[in-house]
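Structure first, commentary second.
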Amino acid sequence: MSTDSMYRLLVTIAVILGSIIYGFFINSLARRITARVQNRMGPPLKQPFIDVIKLYSKRTFVTHGIMQTLGPILMLTGIISTLILIPYGKGYLTLYSSNGDLITILYIMTFGQLAMALAVGQAGNPYGTIGVARGLTRMFGYELPLILALISLIALNHSADVNVIIANQHGGIANWNAFRHPFVGITALLAMLGMMSYQPFDNASAPAEVASGPITEFGGKFMAIMMTTNAMFVVAKLALLVDLFFGGASNIFILALKIFLLYLYPLFVGLVFPRFAMEDTFLFFWKWPTLIGFIGLAIAIF
Amino acid sequence: MGFSKLTETKVLLKQYFKDIISIEEGGEQRLIIDLQSKDITSMINHLKDFMDFKHLSMISCVDWPEENKFEIVYILTSYSKNIVLMLKTKIDRKNPKLQSIMSLWPQAVTYEIELNEMFGVFFEGNDRMGEEFILEDWDDIPPMRRDFDSLEYANKNFKFRDERKDKKIIREFISEHYDEWRKK
Amino acid sequence: MNVLRTIALILSLGFLSSILFYKIRELRNLSIIASLSVALGFVIKFFGIYTGIKRAFSYKDLFYFKFDAFSNFFVVLILGVGLLAILASWNYMKEKKGETFFYVFFMLTILGMVGLVYSRDMLSFFIGWEVMTMGSFLVILQSNEKDRFKFALRYFIISLIGAYSLLWSMFIIYNKVHSFKFSAFNSSVFTKGELTTLLITISIGFLIKAAIMPFHTWASGAYSRSPLTFTAFFSGAMSKMGIYGLFIFLYGSIGLSAIYKTGYNEFFQTSYFQYTLVWLGVITAFLGTLRAILSEDIRVMLAYSSVGQLGYMLIGIGLGSTLGLTATLFHVVTHGLFKTSLFIVVAAIIHRTGKTKFHELGGLINNMPIAFIATLISIITLAGIPPLGGFATKWLLYEAMIEKRMFFATAITMLASIGAFLYAYRLIQNLFLGQRKLEHDDVKPAPLTMQIAMLIPALGMVFLGFFPNLLIKYTNLFIELINIDFFKLGVKVTDTAFTNSYGYWNAFYLGSAVVIIFIVSTIYYNLQRRAKIYKIGQLDIYTAGEYVTRETPLNYSFNFYGFIFDSLKPAIKYSVTNFITRISKEFIALSDFVRRIYTGNGQHYAIFTMIFTIITLIYFLS
Amino acid sequence: MKTTKLYLGPQHPGITGNMMIELDVEGNKILKSKTHVGYLHRGFEKLMERRTYIQSFPIVCRICVPEPDVNENNYARAVEKLSGLEVPERAKWIRTMVLEMARLQSYLLWMGGQSGSMGLYTMPQWTIGDRDYLLDRFEELTGGRVYHLYVWPGGVRKDLPIGFKTRMLDLMDYLESRMKDYTKLMFENAIFKKRAIGTGVIPKDKALEWGVVGPVLRGTGIKHDVRIDEPYEIYDKLEFEVPTYEGGDIYSRALVRKFEFMQSISIIRQIMDKIPEGPIYNRIPNPFKWKIPKGYTYVKLESSRGEFGYFMASDGSEKLRRVNVRGPAYVHGISLLEKILPGSRLGDVSTILNSLGVCPPEMER
Amino acid sequence: MDDLKRPTLDSDFTCDMAFNKITKWAQKNSLWLLAYGTGCGAIELSPTMTSRYDWSRLGIRGSATPRQADLLLITGYLSTKTLKRVIRSYEQMQDPKYVIGFGSCTINGGMYYDSYNTIKQLDLYIPVDVYINGCMPRPEAVLSGLAYLKDKIGDKKADGWIKYKQNFEWYRENQKKILKSFNGDNMPDKYNW
């Protein structure tokens, strides 16, 4: 193990832990902001950390079978392997993104979701299965605009390597992808609403309709791992979107700031909109965002 | 203005139904009618179809153990005439039977199931009789009958907290001294 | 000794033994398996070696056969999948009504296919093709499904149409080139119009066998109504013959330059014909997946999923670049693997429970753990999730399409592969997870032979996931044989890293990374020692406080993706099958009208003849 | 079995209160729904037969939790009708004000529930937060936030505190201004409209026959309101309109409730201006020996969810023979729900339930 | 179906792990409350939840299912039918779990002392950690009750769930006296998760 790869390994571990902590930090900030909008105080900033420690200190864990125990572990694996493929900056911060391009990242994201879906299936709760079916339908919905945006990016930069895409966006804000190619940017932002599973599209885990959806049967330690993976997944997705559309970041702090600002967008949309019905969610993504996406792609090719 | 409508409906009902036991006005928009149990359904049909009593407010039952009778009360409202009509009929308490009016109003089913569970009144023509509506695994006699004492049932089934050492019934104590306290 | 003759001898021995020993089941099965495995071993041993063995065989300069990597690639697939299918059907077909004939016709189909693949001239190709279709038609009849005749007949008629269009194209070639040999074709002789008709007739013939969208109506019926272990072979290997046929006719004999002659487009650097092939593949992939998502019967869903996957292969061929061909060949192998394993799993389930609908099954994970593992690995490959082999095909295909600047097509194919993830999850959820029904409590695990037949492809997929470059070595062997300068921008394979101008992907590195992280997270998971883990029963779930019994139906499986169906309902009713059923109705109405003429009494016939004679007289006199 | 049995049971975040809807679901569509009640039954009608008239006064307001004043008012008027007790004029004005305040806070609670079930979590925070200011007024007037024990047979227990009028009028202006925000956030919200229009539709011709009452009936376009059909208290001296909207779906019911919310504010303003002076309470004889002659009466009033009636029978002793409460939820929650839910989507169950204003305790008392 | 071994009380409840202080602090400051309005007091929970009183300041959050909840509020009187569901929800909650009884109905039957359908004393059936008095306690009273519970958790006195496990037979015995259909097949005798 040459010093270079050892050093890169240490940086990766640091980035993974950092993304957990930063994910929780953003989550608690989001809770404070929603509380302020609803003119109330909101929980203290360290609340997500307290929740996870409490969940870990639970005394009994209940599982229905081997798959439900394996589910969270595989989900953690899926999320971490997505994280290491996304560049977080220059030099060692590009982690192992030299081993997988945009298509690999797009596909390895589904690994975590499949693991959780299987764990929910094993639990045998009808609410869980309905929640997963809804989540997958929503994914099937928002993937189309997302793919259109990514493919048009590949067409524009003549390469599927994320580092190359970042490199092409150097210079001022003017030539960030989101502004240089407006249509592609708008499609990606609309698709992002679906990815973040916030209010207008949180019918997978809607408490009123399907009691807390997929995580109905998960308590204690499984719920703790679910929350950490959720936090990491949010950071990973946002980092990817920042890299692709908002010019990546030279150092980690600018990246953190950009991630937080981008995170505010689905948050505020979610605060003022009720939930779509399931069919409308699916159709929403296949109507306007897809049209804009096609236009963006057409412009990108010709 | 409602007054004239009241007497007009009263006269109409009288000449339509010969053997009404009694019909009088209880309050300015209320009409109380007593009937035999056998022609209740025909009366209600007539009221609903011709006399525009479209809204069934309630079916209730009053228990008269001393006369050994259940008194079933149908409360109908006519929105156009603004009249609330209480149709009362007395049925035997030993095996209370009555014709169901399920076909007229769907919500009548719920009232009849409740009366069956609470009083034991049996409505023919309603297939959901005996269905568990409110009480679960109830083994005693229907609870709303007068001869069922709920305090004695509570003492038998539930254990009270035993700190009440003095066992004094506060209510009797207050009722005796109420008048002196008011004078002070 | 001539390699070809030995292989033919071994296989015909197997065929004969299936006829002679039909009484003794063990002997017959063992002899068939022996013959197949010996033949397979033989082919693998001499796969790439061309020196020192006689490998060509011709008869009366009409039938030419050749033994080289070009056809061995497919022969290995046929014999391998055939072996697994027969191994699985040892228990599956035991005591079933059509067992004896099942093996006979199965061997006949295999013989036809091997002959077809080794043939180097159109005549023997066509004979092998017919033997294969006939064999498979007869095997479908051996299953004990009620409505198997209707669907077998439909399959047979449509394949017949395909065969005739192939025959038509052969005659066009013959009367211009006067020889059936593939290599004897030179495009100068043909005019542009003739070339296009030639291409169209050939593609119709092969697209029918490969069940591509407009001609796919027979697929769901034939796949689901035939004995399931044979369907594993049917969709695992036989549907690839259409791809092989397209390949050998278009690139083997006609050649790229001739295709370009029929109209070339600079932007996409392909001919219009190939561009239509690509879009046919894309549409098949998308609509096949959509149809699979919304189907209720397990076998019908897997059938439509095969239709969808074949769409991917067609795209690869349509692109006409080395990367496209490697993607197709890679997908031929992976699809062969996971489809065989999935069909054998479903065969085992139906063998044990007798149920074929999603909503009748559920919670079989504890009864059939091996089947669960095999299905899990197959659906991960089906959905193309990185650590396993499925992702290699997806990556290669997308790189090839991007290389050819077909971006819209890439977008829709990617969406189709996400759709594949949807029905893959439904397959494993409704069969193995969820609440187990009362009557399935004592379901025994899959029979031993079936379990072996499931696990071998699963191991193959895992192996492919980590070392895809070994398969690339064989595909490159395949492509070098064709002396056409394809679009040279192939993929540079350095040990397990795939790099080409657009992107890169390192299979082994990613696979090992996932395994290491899995170990790390299990350690992280077991950090908490204090708590106790209780394994609880099936009914202890959150039911909003209510008490439930084993009879309450708690499985959510019917109309699983009802949302997609409701939102796409207006678009779904224009499906191809409705279109064909409408045509057939009008056809029946027409024939009913014509039938009225035969009224059955003499005077009418007399009048008709008299009128007829008068008309002809007038016609000739004037 | 094609269908899945889902229990939107007693412990379910989507259900308002403590009842159970047993659904047979196929995919996303509901085939059959059955409501199970009885989780909050404490046999309160039996208990009232064991208590004298004044003793059952504290029990009466605990029947329906979101709107206790409706029960108090009904019970008081029923006893007055049976015993022929007279109520002073000022007490009637105060009683009407209390009823209208109860309607306001119930509508605020409804707005929170309706939007919460649809996922708009900002709206409940706002509306239930503003409802609390109304509860402060109740606390000031009656001493209790939810259970007020204020309106009893013979009049009202306490007079208006000093300065109550100005504080109430300020609150009315505040609520009126807040309504603009609610309209922008909920009633005019595009997604709310998309989900509300056309779901949970009650056909206009069957509405009366199914026993639909209150805002739900007015939502189907039929104009009936107990305050106009049979004006009790001082409703004949006040000017207010009763809205009707066509469509019979969730959105038309929402508009009806929004319009009535504004009407209640104007009613309270009228009361505050024209309330006469005078005594507030006619003393009743010694409650333990107060015998009421034999008689039957049925008293009803317009609660925020519909016609709320009390059937009372007295038999001349100091305890009443029979009381039977007829709340709107009794019909809306059981027989009406079993007619609307089949055919609608699984996701809309709790939205429809909230739009019908179902309050489980009044279903099984 | 393997036979479930019921959670026996062994050392790990009492042993003092090194970071026990941190877990106590975490359990104290993050209480997830089961969304189950069992009685008439539930109406006072909504103002406590929303912007005016807002219990999320104390780190309390509602949870839809018993699996994630650690706090069960019995808000007011409890009819026998609801008691059966409360027992199932309570047993499905993960340890350590706490119960708060609202109002006088849970203490001695309250106003419905003579009703045939409500239980008179809650802690015969499930262990109760904190009682909040008041016939429907006000939001301030609810918050003070919750604060009191947090202190009790802080110094390890809130051990209702240990009591439930220790004398599980006694509780099951009382429950069976009232719930007639307890030993039906759908109501398993053992600790149903």
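In this document, chain identifiers A, B, C, D and E correspond to the written order of the chains, with residue numbering beginning at 1 in each.
FYI, contacts are C-beta pairs under 8 Å (C-beta built on N, C-alpha and C of every residue); 3 or more make two chains touch, one makes a residue touch a chain.
As the structure is a prediction and not an experimental result, all values here were calculated from the model.
Shared contact partners of chain D and chain E, listed by label: A, B, C.
Distance from each chain's C-alpha mean to the overall C-alpha mean is smallest for A. Taking each chain's centre as the mean of its CA atoms, B is the chain most distant from chain C. No other two chains have as many C-beta pairs in contact as A-C.
At the far end from chain A, in terms of centres built from Cα atoms, lies B.
Chain centres here are Cα averages; for chain A and chain B they lie 61 Å apart. Rounded to whole angstrom, the centroid-to-centroid distance between chain A and chain C, based on C-alpha atoms, equals 36 Å.
Centre-to-centre spacing of chain C and chain E amounts to 58 Å, using the average Cα coordinate of each chain.
Look at where the CA atoms of chain B average out and do the same for chain D: the two points lie 23 Å apart.
Among all residues of chain B, those that touch two or more other chains are 135-136, 143, 148, 150-151.
Shared interface positions of chain E, i.e. residues touching 2 or more other chains, are given as 7, 12, 35-36, 50-52, 64-67, 81, 84-85, 89, 114-117, 193. Chain contacts: chain A has residues 38-40, 56, 58-62, 126-127, 130, 207, 211-212, 216-217, 220, 278-280 touching two or more partner chains.
Pairwise chain contacts present here: A-C, A-D, A-E, B-D, B-E, C-D, C-E, D-E [touch as defined].
Across the complex, chain C is touched by residues 56, 58-65, 67, 69, 72-74, 76-77, 80-81, 84, 96, 98-104, 106-108, 110-111, 114, 117-118, 121-127, 129-130, 132-134, 136-137, 139-140, 143-144, 147-148, 151-152, 154-155, 158-161, 211, 216-217, 220-221, 225, 278-283, 293-294, 297, 300-301 of chain A.
On the side of chain D, the complex with chain C involves touching residues 1-5, 7-12, 20, 25-29. Chain E meets chain C in the complex at residues 1-2, 4-5, 7, 12, 17, 36, 65-67, 84-86, 88-89, 92, 185-187, 192-193.
Residues 34, 37-40, 126-127, 130, 199-200, 202-203, 206-212, 271-280 of chain A are the ones that touch chain D when the two sit in their complex. Interface residues of chain D, counted against chain B in their complex, comprise 37-38, 41, 43, 45-47, 49-50, 55, 81, 208-211, 213, 224, 229-230, 286-288, 295-298, 300, 307, 309, 311, 313, 321-322, 324, 326, 330-331, 334-336, 339, 364.
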